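Both complexes shown next keep chain A, but they swap its partner, so chain B is in the first and chain C is in the second.
Our next item is the complex of A and B:
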């Protein structure tokens, strides 16, 4: 009976959404704010990637709020999982294939992650995507050799530095231009590596913050003590 | 009448993921499966949001990419989904860590068994008689009732 009700509910939900979607003009939905942003973002912000302009310039405050959500999640996970006892059993190291694969992937992921962060205002990518790849670069090493782990104090320093850098750039804009996180400096030529004013700085801070946050989060999950059920 | 082009298929796929996730949330009895259903639901919602900004004849919203003068897709849904994905990862990690703790304490993730154990523990803490399953006969003939492999209360007060 419960399964039947659940299936009925799911089917009804899908049906309602389908009906709503058929009333839209498929693939030609109107874009009011988006069109305006597409028209003015190049001249106003100077970043070729308009998604990055929206993320860091028009909705920068939102991104800061999201960083705090990530920080809160990482903190609570540390709190919930607790500290390892020093004598707790450690997972055995991975085999040769896993360790060699981790060693091989680490520099590649590091380069790709840095590239995606630094070119975030020109090509697809940005702080979030590059940060996740950076976190993965450090996490594959932990997967290959669980006994080594990551130094949480280093992660915390990077995390705090990146987070305060993001806020500092925002405050600088607040005092210089009168609005928090407003794009500053010369927008430059669209398409140049050094362009878009403070956007690359914000992107770098965002990437480091997301990367260190996720790396710490995944290692604390991976290094949880195996409990005795 | 809907003509079946690829945009329609994408929309149906996104809505299908939403429906599968919603059904899984209700049907599954294991907390880990419920979490996986939540992940599927979230993927469907993100896909639907991105599709809202999709235009069949448009290019990616990057200046100097593709032919000049072509229409670009709406950048706002893409940005929203970008943040939603990262928030989703954080929520999933938090949920997994709580599940790890629950499994360490109770040794199970089955939702019915956990409910019975929670109710039993709460009743013992409060010093009242533990609730009995709906299948147990009335009249108080059975002292320790509940599902099998069930810890009987140490003391009544």
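Our next item is the complex of A and C:
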């Protein structure tokens, strides 16, 4: 009897799902806002990369929310895992292959990360992706030589400065134009390095913030003392 | 041609996703999870979404793999050998002091 009920329930659920799938026009939603953005973004914001103009201009406030979520996560990890006794043993340095690989990767990752951040309004990428690559660039060095570590006070200064810069640009737009994080300055020619108004500034602030936050997070995770098993 | 490449990647992604669940070796499972993200990011490139592909490759394949690997190391589960009858079994044996933090 129970099996029959289960079969009936599964069959009914499958029928309902089938009806929903056939009745809803999935994948053909009326994209009013998206289509409008595609039409006006080039002239209005001046960024060749539409995704960046959506992320930093039309939905800049959402990006600020993402930044605060990331900040909360990094703060919690620092609180829970950041404790370290001063006399705790430090991990031994990595082998030759790891150290040489870290030395080789560091400049490459640094250049790629800066390129992705600074060209965020022209080519695919932007502050977030470039920031993650920057964090990786600094983390491979720590992986090769755990004894050196990263200076957390410098990271905190960069992080705070970048976060405040993002909000400061938003407030500047609020007082000058009347809307928070509204794109300002001359959009310029689409495709030029100096174009899209304040978007490159926001992208740089976002990249530095994400990079310093994730680098600090991974370093504190790597340098935590292992708890007693 | 593109369909064949896409199907190859999808098969690889599905195989790695099953491997994440079935592989006994923890390090292998983390590596397989990274392979899933890497394959998905290639699919994003094929679907003309390079921004999403970059995020997926950087965060999914790079960052989360590193975080999971560090977590394994903190838990003392970082074993490269297979655990079948080897001295480095996954059983809760007392960890040797030098190996645990290496």
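Definition applied: the second predicted complex is superposed on the first by the 198 of 229 C-alpha atoms of A that agree within 3 Å, B and C clash if a C-alpha of one lies under 4 Å from a C-alpha of the other, contacts with A are read in each partner's own complex, and residues count from 1 in each chain.
To be clear about the criterion, a contact is a pair of C-beta atoms (placed from the backbone, for glycine too) under 8 Å apart; a residue touches a chain by one contact, two chains touch by 3 or more.
Fair warning: this is a prediction, and the values are worked out from it, not measured in the lab.
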Identify the partner contact of A:170: answer first if only chain B is touched, second if only chain C is, both if each is, neither if none is. neither
Considering only touches as defined above, state whether A:92 meets chain B (first), chain C (second), both or neither. second
So, A:183: does it touch chain B (first), chain C (second), both, or neither? neither
Between chain B (first) and chain C (second), which, if any, makes contact with A:197: first, second, both or neither? neither
First (chain B), second (chain C), both or neither: which does A:80 touch? first
Contact-wise, after the overlay, does A:42 reach chain B, chain C, both or neither (first, second, both, neither)? first
Under the contact rule defined above, give the chain A residues that sit at the interface with chain B and also at the interface with chain C. 49, 51, 124, 126, 128-129, 132, 214, 218, 221, 224, 227, 229
Parts of chain B lying in touch with chain A, wherever the complex brings them together: 2, 5, 7-8, 11-12, 15-16, 18-20, 22-23, 26-27, 48, 52-56, 60-65, 72, 74-76, 78-79, 82-83, 85-87, 89-91, 93-94, 96-98, 100-101, 103-104, 107
Counting only contacts in the complex, chain C reaches chain A at residues 50-51, 53-55, 58-59, 62-63, 66-67, 70-71, 73-74, 76, 92, 94-95, 100-102
In the complex, go through chain A and note every residue touching chain C. 49, 51, 89, 91-92, 116, 124-126, 128-129, 132-133, 135-136, 139, 214, 218, 221-222, 224, 226-227, 229
Would you mind writing out the residues of chain A in touch with chain B in their complex? 2-3, 5-7, 9-11, 13-14, 17-18, 21-22, 26-29, 31, 33-35, 37-38, 41-42, 48-51, 53-55, 59, 62-63, 66, 69-70, 73-74, 76-77, 80-81, 122-124, 126, 128-129, 132, 190-191, 210, 214, 217-218, 220-221, 224, 227, 229
